[in-house]
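Here come two complexes built around chain A, the first alongside chain B, the second alongside chain C.
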Partner chain A sequence: MESFFSPEIYDSFIKIIWPALGATFRMLIVSAGFSTIFGFVLAIVLIVTDTRGLYPNPLLYKFLDFIINTIRSFPFIILLVAIIPFTRMIVGTSIGEQAAIVPLTISATPFIARIFEGSLREVDPQIIEAAKSFGASESQIVFKVIVVEALPSMVSGIILAVISILGGTAMAGVVGAGGLGAVALLYGYQSFNTEIMVVTVILLIIIVQVIQTTGNFVYKKLR
Partner chain B sequence: MKFCKEKIILLVCLLLMSMVVFAGCSPDSGNVDSSKNKTHLKVGTDAFQRPAVDACVDALAEMGYDLEVVVFDDNVMPNTAIMEGTIDANMYQHVPFMETFNKTKGGKLVMLEPKLFYTTIGFYSEKYDSVKALPEKASIVVGSDPSNIDRALRMLDAEGLITLVDKKKDFYNIHDVVENPKNYLLKEVAGQQVVNNMQDVDAAVLYGTTVLEAGKDPSTALFFDDKTRDKTYAIGVVVHENNKDSQWVQDLVDAFMSETTWANVDAHFKGSYAKAYDD
Partner chain C sequence: MIKISNLYKAYGDLLVLDNVNLEIKKGDIYGLVGVSGAGKSTLLRCINGLESYDQGTLTVDGVDIKTLNRYELRKFRSNIGMIFQQFSLLERKTVYENIALPLQCWKYKKADIDKKVRELLELVELKDKVNIKPRELSGGQKQRVAIARALTLNPKILLCDEATSALDPNITKSILQLLRKINKELQITIIIVTHQMPVVKQVCSNMSILSKGKVEVSGRVEDIFLDKPKILYEVLGKEQEYLPDNGINIEILRREKSSNNSILSEMAIATQTVFSIVLGSLDHYQDDIKGSIVINVQTEDREKIINYLNMHNIEWRKF
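Showing the complex of A and B:
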């Protein structure tokens, strides 16, 4: 059994934990990046096609609403397995880090879309009215007024989603993607190695703290 | 007034939460079953082995016992449950895993003899016809939990695909491979995840039961593990050592060895399970 300051724990760190940290980061950043972009597009479409939006389209709105709710109902593990043929189409395989990024992105996108939609709706209608009275075009209202006003709230939303995606990466071990969650489970808990479990949890705590602090900082700068 | 009420509610919630947390830390409750007329047996298992445990319900009923099967989501909890006294026995693991649990968690579990069932384990590939045909950096799936990964690695070592470190270990993991001439990529993925996605890997070490349940033929393996090792990894009934001589324990093992139980097990696992005991 390894004690906390033995050479074995250092060895484990280099060989097992450090690569897992890299895998978690890559999965997190790529999934968060793509799902933020896709979620943003989805949110814009939602507020524009809403009955009170610029181009009301109840059919499209209801359809997107339904898709979002459906994807969000899937437990992540089930979604991961259910979309394997789609994952294979996109990255060529159902196993590994890239294969994990597909379900991570798909499950996070509707979540982010909902958060962004909420932020965009919350924008003070008086500001929108003021912009209209200045003769702003519709696209200017959406992108230069509503989005800009909603930006601090959207950043908070991204941080929320990123931490949720981090939780998802823990389950990516199921498809052999590695990552800190998989290491904590396989080399920590199932191998009865408390030291590895504790180290990976501490690392995860640090990551979450850093993400949240960064988010708070950016939020303040935008207000 | 409102503020006080909220404080009280908060305190009660904290109290309940800490009670739940501390309840989980109960020490070994001794777990000696002194009731002479124990007729209700709680046997723990995992989802995969469950049919094997369900199989002995008839034999137990004939002896006057009624069986409650408790299914756990992971492979450690059925053992901690025995130590905590929430179940009487379990049937899902092999001796190497049980011994590691005893050593690292201070468990006092014993496996009853004879051991009950074992399954074949083979090296499968849907892309290549022989081990020689495997290319450089071929991906080989070895499993997703420590005891199965260990078994797969020993099997690959015995067949000469890789060499494991000399040092004796309970469970080898992929970082214990010292020689890997063809630089095989050893993947830590569950067999059940891979068996229906064999096109995404070059080869995989799989249990006969997994292959069969996926509707494929278990006999198509490129090679199998040594039969003598199969028996080391046979699963059996595990109880707390204080109970090992109790009547209900002997009856439970007998029930597992009855004809009806074997008929049920074989019907479900269709030849991928074999008896580890001699009739």
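Showing the complex of A and C:
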């Protein structure tokens, strides 16, 4: 049976696609990790300082709300270029994987913060009242009640964010970050190598499927 | 035990508590009733400081919540358990973990927590559901878990906010029996907010009816149901009454526990009169049957009947 792919593809796979896959995963995991941590902190501050929260502080809430909306209104490709000076300040360079992680994190953090805020806000206020009624402290209410109850929904949010960051890593190819996106762009699009294009697309589809399936599994386990 | 005087609270222009005065005694089961929006849940939340009030004083065992700092308020709240209409259990935690949560928050030792949780599971009869999550429980079972959780810190008071309103009548009955048991065996004062009159009749000894933030009437439950103040009908809804126009209607009341269960037949024999029973409402009040019966008497027999009733000290009134 004649193979669908040419023999050269196996060669390119080892030399080009495989390393790019590694780069994509490194960018994905590091920026997803950082943005989950920052997003979590922001979300906690948001629900706590909300007018109906445990320590209402409308000024701080509105300030954070504004910052989050501002960052979220940037299309990622614009953000990527716009914050180059900041990126250079943080990681010392504006090209490469490390340089891509900064804008990826900055763009995903407000996204995750919003998703987490929604998840945390969904927790039945009566459960919080019940916790208050037995004398739980504010931090116990947040971490032993609200976060515990919101966890499955937060995990769904992380999955959503990870897949959106994956899209971002492709765009980060623009700043020479490497990764599957750059491969598809350079070899697939600009060099008219359809095979490489097809293989990277298939890989991306598989990655997204695996992330989503794992996420759904974890969600079910946690519920 | 709980003393509320001249309590006011407003949300903007809306007065939700309007000069509330109440006293709830230790060991009592007290009902706060009213239509929704009457302010009863708000009043209940003022007792454990979940809601603040604008004016007046509210003291529990002589302590005014307004004088407490954050930590003292937490400590104060641990003395007052609370249960809710929607049970308010953590869906992701098992029955055991839910009941253990207050103890963990107060940093009890693991062994002490285990002992207390098992003791309470026995009390609420859920020993076989230890490791099950709330979503696998029925409404009644969930409320039992919530009751167990509310009792973990050995409170002196238990607040019930529409705790049976989401349950069907049979389950409601069993939850109320549990509340009475808790009241008797653990000497916990219970305050019940509800719009369900059968609940009040079944367990409460005293009650207040609230309307638009005001306490319209307070007193013994049987007295309020027998004296039928106008405000009672706001909560009950007025029943259509079809009474005969001829003769006179006399209502005979049974307010206290009485040994004489054959008043009517004895009266008929003694007075040699004939009358018909046209209306009656006898009901269980805690362990006793009380209520009233309306009889229709021929005009010419009126004197005889009234004399008989007065002679035997039977409470009556024209209906």
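We take it that the second predicted complex is superposed on the first by the 217 of 223 C-alpha atoms of A that agree within 3 Å, B and C clash if a C-alpha of one lies under 4 Å from a C-alpha of the other, contacts with A are read in each partner's own complex, and residues count from 1 in each chain.
The working rule: a contact is a pair of C-beta atoms (placed from the backbone, for glycine too) under 8 Å apart; a residue touches a chain by one contact, two chains touch by 3 or more.
Predicted model, so just to flag it, every value in this text is computed and none were measured.
Student: State whether A:152 touches chain B only (first), chain C only (second), both chains, or neither.
Tutor: In the superposed model, A:152 contacts chain C only, not chain B.
Student: Based on the superposed arrangement, let me know which partner A:9 touches: chain B (first), chain C (second), both, or neither?
Tutor: Once the two structures are laid over each other on A, A:9 reaches no partner at all.
Student: Quick check on the superposed pair: does A:144 touch chain B, chain C, both, or neither? Answer first, second, both or neither.
Tutor: After superposition on chain A, A:144 lies in contact with chain C alone.
Student: Please work out whether A:124 is in contact with chain B alone, chain C alone, both, or neither, and reply first, second, both or neither.
Tutor: A:124: touches chain C, not chain B.
Student: Pick one for A:218: touches chain B only (first), chain C only (second), both, or neither.
Tutor: Neither: A:218 stays clear of chain B and chain C.
Student: Please indicate which partner A:95 is in contact with in the superposed arrangement: first for chain B, second for chain C, both, or neither.
Tutor: first
Student: Could you tell me if A:30 is touching chain B, chain C, both of them or neither one (first, second, both, neither)?
Tutor: Touch partners of A:30: none, neither chain B nor chain C.
Student: Applying the document's contact rule, which stretches of chain C touch chain A when the two form their complex?
Tutor: On the chain C side, the touching residues are 45, 48, 50, 74-78, 80-82, 84-86, 88-93, 101-102, 104-106, 146, 149-150, 152-153, 159.
Student: Per the contact definition, I'd like the list of chain B residues that touch chain A in the complex.
Tutor: 74-76, 100-101, 104-105, 139, 141, 144-146, 149, 171, 173, 175, 187-190, 193-194, 197, 200-201
Student: Under the touch definition given earlier, write down the residues of chain A that touch chain C in their complex.
Tutor: 124, 126-127, 129-137, 140, 144-145, 148-149, 151-152, 222-223
Student: Using the touch definition up top, name the residues of chain A that touch chain B in the complex.
Tutor: 1, 15-16, 81, 84, 88, 93-96, 99, 173-176, 178, 182, 186-187, 189-192
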